[in-house]
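Please find the structures below.
Here come two complexes built around subunit A, the first alongside subunit B, the second alongside subunit C.
Up next is the complex of A and B:
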């Protein structure tokens, strides 16, 4: 269909109309971001007087950004400390589970796999109360690992951050397994079978054949999973709560919010500080992100 | 341990050589053979045991944190636990569920339930329609297709907390874009997110969510469109079907799978709108028209009232709602062999 269509309309009015609509959509999708960026560079006096999508000539300032970075640096560190290991481990567990449930053929694996997949759709609310009790009563990491919090100088608040990391690993496994399984299905059974006939153990096949083959899929999974974990608010609110170990999404809520006025320039700067890691990931690895969401 | 393994291995090998011998012969008797195999042998089926180190740790984590927690939540919902000491697991009743149905008024369960349904349906439908239209446009052999696609999908990579802050500013009656634009045509300023009309509040939320996720529907539909064989387009063209007719009669019916899977995922995103509302309104009480079950649950369970068991019951309803959509979907996926 492709060639005929091009020949049909060439550079006709239709074509121009099409591009106009597409550009209009670009404006639609980018306008809130553009307005946010522009506003984040305005002084508090200038932002009310200028159009929200135009830069202010007189009122340009970096004060909002430096204030936002100041206020968020602690929780930015916490978010990295939590999101990086949570991402890596959920991807690793997902890859291993997908291998055990796909390339090795055994009865009942589809049943187990269905449980994994259904886990993707569980609304967090359905587990919040038990999770809160689990981490405070059953597995009180702040008590169990007291020497760690003391020796590292982090303080016991960070027990909540560790609990959050583990929770995110568990909740990331289902989607990671799904992503890897769809990929591992395309790995030829003959190759795995041949390796097994040659006497390679299941573990060896994973390390020598499957793992090297999955590098592109690891990129997709890590990117998708990092974005999900970084962006989450609800688990952090309930498991970490207020305190030194708050993650960045928690801190962003309260910034620039006083009783009487909302400091929008500061809020916008803070929003972009929060979004920066995921935006960078998206700009550099957009293709992988798209693969992750459509799997 | 080692001896068990080697025994298993020998056993496996003998079974396997039996099977290999028989592959050119009776497949039917094979099936009978495995049907009559003892339960124990089935469970110790070599590969299940040998592959366990790979899937079992992940399975235990998911089993504990997801399924264990879901069951535990159901149990708590049958108690009257309010956060002090331990829940009383002695006496179970459905009191919390009865209370839920009795609640009426502005911030009631019923209000949240209705809002949830309206939000999910409106958000999903608008996303699908909008996403399909954009996908059809992007599919028309355009230049810079990748760039357009990347831009349309970009909002989805942002946190709800970030997009909530952006829309707070967009909707602001104190110089925000939307009200400035409306001001040009002489309307407003309109207070969208705290409008006296609950429907306007909800519509404002749905609009922002559509902005964030319609790109996703577009990407799914685009993949669906690409999977339709070119001949179908050609055939429709030869038949002299107009462009609109071609899409309506030939293309859209073939996008059923894409529509179903996109709807399910969009609904799941819709249920996560808690983060968005929490950040938009700054506390656990959103405007009454936007109070959905996810925000309602967190407020009753973890707010000042601390009605934990009641919150658990609300969570059970939310879970049932989500899975009444997801389970049929998973079943159909299973039936068509996509799992």
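Up next is the complex of A and C:
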């Protein structure tokens, strides 16, 4: 009896230790988040008087959130306008490229694939200057598409947003191709051959067989690409610049800075507003994401 | 319906480093209209490549492929009027059974949707999967998936069925059931069929004729019983039949064949077919060896049972001439399952002269096959 009791004690001691560590980790990871949320509901005065992670009883206010939404709504719209098509098209093109490089046999495809892979390793910083020059001198969309900007009433600033969208699509294709290729390799050759024998063309096989089977992988690439593109600041600064068409990451930098003191509660609220869409994407595609990752 | 001719069909694969590999070497076979031809051989013998060339999945390096007298080398897979059943079934996992079966008709014909639906239901009823039409492949058992794969081929109403080891993913019991069913189906539909397998039992039981392939080359084409009783060479003799034929390397000395452990006297008739050869390979099927208790004739040999493998209806006996060796050379004889025989027991093996096969040891070609008085009548009955 005493033996089991001792064993029980040992077990529960282990358990206590385990839970303590887990609890510590929970605090470690969640405290900054909690501090951010709590802070975003404080007035500037209350922020100065309370500890960052404690809620302010008197100074509770929704003003920071409404102010953040007000100030960011324009660039939030711009970001959606840019990130959604950029994500969808980079995933779609990546999927098509991977299909052509994996499930169809042709000469020299390995060489082409190597170029795709190399594209993944080109750092953002290395292409900043060429990129700027490309969009301003070689492909000046603000001039080429002038009627569009006037007819839609968007203004030439939006040429930069379109350029940014195309840049993100191009930059996203290599990694999407890599992700889709690893998935398409597991697609049975015999099934593709069966479709060929059934009379389906290469395009029809993609449309009717490969695409429907790629949904889990699309969830993976959509989440990954959306987060990347949404959070990007560097390309946006270079290509879009300040103005009506600036994206949310650009607006976030400047928010809460104009006043005599830095408005941390406003910055917190703005940060959450900025992060919200990526969070929503995870929630919407989470189930498919899990399937795609384990596939 | 049509006759399919393979005329000097050859496939050469060129590797990246320029190496050429001949996968299929100059194959000539004519498959008659409505015939069931089995392509059989060990793995890597080129049988699947041959089938894929017929289907159009693999280009033809040389030779001509004719369907109903017309050359179809250059036709796209979908335009060859063939339907293929794959080993893995290759069903589309995201589609229901009905969609799987309609896909080919939708992609390759202008048939209206209502007619497609009707054709699919008809074929599904024929395959006994009428109640599974709205399920997806993942919800079906292996046997049911197999039926869907067959149904998908039938729906196309092709001139030729191509089957690439379609039964090898099924368990033994289901396999033998499907074997019978496939034969009956092919008989009913009367569609020319080429069936690839590495399983000699399937080849023997299913085919109107068997084409035996080894190393890309056609070894023999014939009815199952021809291949069994009159093998063209040692490879066919070895490949067809279970358990395999026993082989002994022998030397011709006078009127006797001299092996390591025995001497086998030959009749004048056999001697004349041997001619002036000095070396031969003697072959005898396990089921042709008669077991006796006493050696009475010159074709009786005293042996000892090394191992007994009971299969129920039969016993496979591994017999040896030198029981004292630690790993003795053995040969196989089969006997009725009711005979009680134990390892270590001495037995006399009678090797009847009309059942022996003789092969040229260098070329492997058959010099003398067993006498066919009885076998011939069997062959006609097929």
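Side notes on the structure shown:
Following the convention adopted for this analysis, the second predicted complex is superposed on the first by the 264 of 295 C-alpha atoms of A that agree within 3 Å, B and C clash if a C-alpha of one lies under 4 Å from a C-alpha of the other, contacts with A are read in each partner's own complex, and residues count from 1 in each chain.
One rule holds for everything that comes next: a contact is a pair of C-beta atoms (placed from the backbone, for glycine too) under 8 Å apart; a residue touches a chain by one contact, two chains touch by 3 or more.
Just so it is clear, the structure is predicted and the values come from calculations on it, not from any experiment.
Looking at the superposition, the partner that touches the larger set of subunit A residues, subunit B or subunit C, turns out to be B. In the superposition on chain A, A:200 contacts subunit C only, with no contact to subunit B. When the shared chain is aligned, no partner comes close enough to touch A:20: not subunit B, not subunit C. Of the two partner chains placed by superposition, only subunit C is touched by A:191; subunit B is not. In the superposed pair of complexes, A:139 makes contact with neither subunit B nor subunit C.
Touch criterion met: A:51 reaches subunit B, while subunit C stays clear of it.
With both structures placed on the common chain, the touch criterion links A:36 to subunit B but leaves subunit C unconnected.
Contacts of subunit A with subunit B, set against its contacts with subunit C after fitting on chain A, share not one residue.
Across the complex, subunit A is touched by residues 55-57, 77-78, 82-84, 86-88, 90-94, 103-104, 107-109, 152, 156 of subunit C. Only residues 1-2, 4-6, 18-19, 21-22, 25-26, 28-33, 35-36, 39, 47-48, 51-53, 93-94, 96-97, 99-101, 104-110, 112-132, 134, 137, 167, 169-171, 173-174, 177, 202-203, 206, 227, 230-234, 237-238, 249, 252-254, 257, 262, 264, 267-268, 270-272, 274-275, 278-279, 281-282, 286-287, 289-290, 293-294 of subunit A touch subunit B when the two sit together in their complex. Interface of subunit A with subunit C (complex): residues 188, 190-191, 193-200, 204, 208-209, 212-213. Per the touch definition, subunit B reaches subunit A in the complex via residues 42, 45-48, 50-59, 61-70, 72-73, 76, 86, 134, 137-138, 140-142, 146, 148-163, 165-170, 172, 174-177, 180, 211, 215-216, 219-220, 223, 230, 233-234, 237, 264, 268, 271-272, 274-275, 278-279, 282, 293-294, 297-298, 301-302, 308, 311-312, 314-316, 318-319, 322-323, 326-327, 330, 334, 339.
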